[in-house]
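Next up: some structures, all given as structure tokens.
Here come two complexes built around chain A, the first alongside chain B, the second alongside chain C.
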Partner chain A sequence: MHNRALPYLLTLPSLILAAVVIFWPVVDLIQISTHEVSRFGQLRDFSGLDNFAALVADPDFIKALVRTGVWTAAVVGGALLVSIPVAVILNTDFYGRSLARVIVMLPWAVSLTMTAIVWRWALNGESGMLNSALRGLGLADHNIQWLASAATAFPMQIMIGILVTVPFTTTIFLGGLSSIPDDLYEAAALEGAGPVQQFRRITFPLLKPFVNIAIVLNTIYVFNSFPIIWVMTQGGPANSTDILVTHLYKLAFRIGKLGEASAVSLVMLAILLVFTAIYIRLAMRGERA
Partner chain B sequence: MAISKLKTGLLAGLSVLALAAQANAGEVRVTVAEYSAKTGPYFQEVEKAFEAANPGVDVKFEVVPWDVLLQKLTTDITAGTNADLSIIGTRWLIDFVQQGVAEPLDGYINDEFKGRFIDTFMSPSVMDGKTYGLPIAASARAMYYNKELLEKAGVANPPATWAELKDAAAKIKALGGENYGFGLQGKEIETDVYYYYAMWSQGSEILDKDGTSGLDSPGAIEAAKLYKSLIDEGLTQPGVTSYAREDVQNLFKQGKVGMMITAPFLSNQIKEEAPNLKYGVAAIPAGPTGARGTYGVTDSIVMFSNSKNKDEAWKLLDFLFQTDWRAKFTQGEGFLPVNKEEAKMDYYVNNADLAAFTALLPDARFAPIIPGWEEVAQITSDAIQKVYLGEGDPEALLKEAAAKADGILKK
Partner chain C sequence: MIAPKLKRTIIAWSLLAPLVVVTLFPFAVMFLTAVKPAQEVLTPSWWPSEFRWRNFYDMWVQAGFGRALFNSLYVSVIATVGAIVISIPAAYAMSRFRFAGHGAFRQFLLVSQMISPIVLVLGLFRLLASFGLVESLNAVGGVYMAFNIAFTVWMLQSYFDTIPRDLEEASWMEGGSRWLTLRKVFLPLCVPAIAVTAIFTFINAWNEFVVALTMLRSQESYTLPIQVFSLVAGRYSVEWHYVMAATLVATVPVAILFVWLQRYLVRGLALGAVK
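Here is the complex of A and B:
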């Protein structure tokens, strides 16, 4: 029963599916990005790397690239920092825990676009909820124009990004926490370890693989996340809140440069691939040691 | 046995796919933009009436939000799954014509049909002497003013020039409270157009006579400085770059804004949402020389070259452009009439708001018919947003934008 081909045979269906769903579009993208393309996607002459060169020469692209890095790091990092304590608290037994869990998970149940639309209203300068709340509490004496410039709009977008990323991240951590056996804590408590020590010596090390998963998955989601920024500012004013996805959307569907847009999406794919490969490598090495 | 069953199953599946891919004879698919909540029901009604009058023809309307229309058309055309007819922004038409996507309609149009249209609105859809689209929606812009606010501020007549507008805005500001003189749009669709109103009144045009960008002309720079001074002196609502057109309209409906420039459909919205607001519609303010300009917009309905049912599609177009159906659509959406007979109806003749719009039509500019226009508009919007934000000297920003635009126009 030692058939060496069996594992390959068994994974073949999913490989074929992945090929159709992933590789085919990528091949298509490579084709579009290396040709001159009409407004409606008909391929013209082969143009080599012209589309990529045009990107590098475009200051808006470079700025969007850097901003995407800030956006991803801030949202993923922020979600991580918020989610660990939230998960630890939700894992302890207290009155009303199920209700608290539901509340933390709720943002996940609302579509991202809807969340963004509600925030766009809430951040409206004249009739927005946030301004009236701040003024009601006496924290501000005049209306703040949240979305009028990147200085206030982008941090707000990051905050909303964190808010909607927390539920998923917390879920991963809750799963991780429930896999830690209680006797470890009991033993540590017997030896006189306080809660901080227990967290540092038991919880965090055993949670590490889950933190790694959360970082990789969230980075992929957040890096590619479109609705929050698009709905609230469309990357504006004057492209000052653009990240790569919104830049790509404008290139493709506003201006009709499908070649350059395909190039952007290949660059994005490459960045994510390299990031994931390096990160998984580092994380695995850490685990073996 | 099992394999043969699998085979028949696969074959059956394939044939279903083949059937689905092939358009049914007599089927006409139409992509239409959703202008308001009334658009969908209107086209449902058209579908019923047309199918009753033309048995054997199956009409399918796909109602698409305006924001994603161009995206949907781009992907549909790329994949070859586009409908037979579609509403498009007339400013996109040149791309459709150059790519050979749009079918010329001259073979179908006879003199009677042509005679139904007002020429001003028909002309943007004509290229190289061929008619590629029919104007299905037309609009222009004029200035709305809040009568009560102006009265309280002691301004007797709606301002006719930008100097008067600035003066009136200052008086409204002096009233105190959350009252803003001039509602200035600084975000999303038509941000560039809102700037053109001032630019045209200074005697500048989007494109100079030699086909280069007019953004670096003295009038264009003057216009940017004018808007910037309105912002700096607190004569607009604060944070203009966070206000899309709808946001400024909402401020106007709440009675917080003295004057704003927008399309006829605001009248319909006010009627439904703020029936007690006392407002008037006047011409867009003129510049020092008396020059003024409004923005004329048409959307066209086009037939795709790859349509398999062109005759049926044309029948539907002929049906759509009957006076009664046109009137129902135009009045529901708050557009301007494109049919001559329709324009003579009482509804339009006795409507003071609409009269202000039609009076401005001789001064109407349409978006220039050039390839790459969307990109030039985007550059303009970006530059003017930077001016509003104070991220540089208006003159330098506009000259930089003009140079960028010229790079595209030369291609």
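Here is the complex of A and C:
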């Protein structure tokens, strides 16, 4: 009955599919990035690391790289700061809690593309509803051209990024909070610990592994996130809101610098692999504990 | 003196209020713009003078919504059915067998889960182009299938692990073959888990943007996100009431499904990831 080959046969189809669709492109990208390549993708001479050198010499790439760092840190950090209190609140018992949960989860349920399209309209300079709301409330006396300069567009994109990251993050924390036994709090209350002390001494330390997981997973998702920026500004005006993914897309499909585009892909892959390694270590540690 | 729960309620809602407002704001914008008469869309007023429900009908015709809806359904069904059919055996093997390469396969899944299509988009485009499959909805479905495999195997395995082996062992004792046991005992127990995983795969494919944007170049093959995006991008004048009506129709059914099933997603991911 025990067929030794069976588990391999069962996993084979998924391996083949992933190998063709995920790993073949990786190999292809390595090839392109180390060759001279025409606009139409014909490979010419081997060129070593020339494409990578061209990247490093390109100020647009460096700016996009730095901006990706800001974008990722701001969205992940912001989502964390919002999600911990939200999870703590949603974990208490109050009227309308299930409604509150549904509202908090809503941004997760809508595709990023659609969210970004709605915001692009809401932030419209002349007739956007954010401007009319702000003017109606007396918070602004003239229309703000939100998407016309990076100084207002990029913070808005970060805000939207945070908004769509909060549901997933809150969910992880709710899972973490439900694993903390209530009697810990009862004991602490008996000893005279106030809510702030309870949070600092009990909630936060016990939540810490979940915070770590949330940081790493969100970093990976946000680092890869394309639709918000592409739909709202396409990295513009004048590349001033470009992050690596939008820069990569422009290099590959607008400008046709395929060699440099593949080099960007590989740099991103390398960064992602580092994050993934961190995640695997964290997850393994959690499993052993 | 007010009851403690009432007090907690007031505090909780007032603390949540800013987030609730920012979350609901885009939905309000979407809905109110979608039902505004055309001439009011560009005037900076919030409330429409009348609810123009006809916008939805006009949008359907004008925006080519039906075609895109069909394409989205088609691609998502291919991705879902394919990913589930391929993942069930893999997840079963991961859950019920100890084999060399078990750990390696798990890590392989994790790594492929972390790679999003955008990073590989140029390589993917060249892959499809080399087979002449740009514009092919089937190929896009296949790409979605591959990128969802890690997720589906992960979800299914975490459910499979919760099903006690005794049931299968009892069936083997009675002389049932592995295949028969699988069909008559194991899989029926997994139907809810498979359904939930399938729905999430469907939603993932339904919402996907960058692969569709890159591979599908002509209007006939656009999926919904690309179709709606094409109504906005690079146009001098955008008919925002149609765009918002289209976003609303494309979003609401899937959003309801998602909110309804969200707790299963959490349970499955939590079983697998933060065990």
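Observations on the structure shown:
Note that in this section the second predicted complex is superposed on the first by the 246 of 289 C-alpha atoms of A that agree within 3 Å, B and C clash if a C-alpha of one lies under 4 Å from a C-alpha of the other, contacts with A are read in each partner's own complex, and residues count from 1 in each chain.
Definition applied: a contact is a pair of C-beta atoms (placed from the backbone, for glycine too) under 8 Å apart; a residue touches a chain by one contact, two chains touch by 3 or more.
Remember, predicted model here, so these are calculated numbers, not experimental data.
Once the two complexes are overlaid on the shared chain, A:G236 sits against chain B while remaining clear of chain C.
By the touch criterion defined above, A:S149 lies against chain B but remains apart from chain C after alignment on the C-alpha atoms of chain A.
Of the two partners chain B and chain C, more chain A residues are in touch with C.
By the touch criterion stated above, A:G125 is placed in contact with chain B alone, chain C being left untouched. By the document's definition of touching, of the two partners only chain C reaches A:I220; chain B does not. In the superposed model, A:L206 lies in contact with neither chain B nor chain C.
Judged by the touch definition given at the top, the superposed model places A:I180 against neither chain B nor chain C. In the superposed model, A:F275 lies in contact with chain C only, and not with chain B. Within the superposed three-chain model, A:F40 lies in touch with chain B and out of touch with chain C [touch as defined at top]. Of the two partner chains, chain B and chain C are each touched by A:F253.
In the superposition on chain A, the residues of chain A touched by chain B in one structure and by chain C in the other are 41, 124, 126-127, 234, 252-253, 258. The touching residues of chain C, counted against chain A in their complex, run 5-6, 8-9, 11-13, 15-16, 19-20, 22-30, 32-33, 41-46, 86-87, 89-90, 92-94, 97, 99, 101-102, 105, 107-108, 110-112, 114-116, 118-127, 129, 142-143, 145-147, 149-150, 153, 172, 178, 206-207, 209-210, 214, 225, 228-229, 232-233, 238, 240, 243-244, 247, 250-251, 254-256, 258-259, 262, 266, 270, 273-275.
Put simply, chain B touches chain A in their complex at residues 70-71, 74, 77-78, 95, 98-99, 101, 178, 186-188, 237-243, 247, 250-251, 254, 256, 372, 374-375, 378, 381-383, 385-386, 388-389, 391.
On the chain A side of its complex with chain B, the touching residues are 38-42, 124-127, 143, 145-149, 153, 233-234, 236-239, 250, 252-258. Note for the complex: chain A touches chain C at residues 1, 4, 6-11, 13-15, 17-18, 20-22, 24-26, 28-29, 32, 41, 82, 85-86, 89, 92-97, 100, 102-115, 117-122, 124, 126-133, 135-136, 159, 163, 166, 171-172, 174-176, 209-210, 213, 220-221, 224, 226-227, 230-231, 234, 245, 248-249, 252-253, 258, 261-262, 265, 268-269, 272-273, 275-276, 279-280, 283, 286-287.
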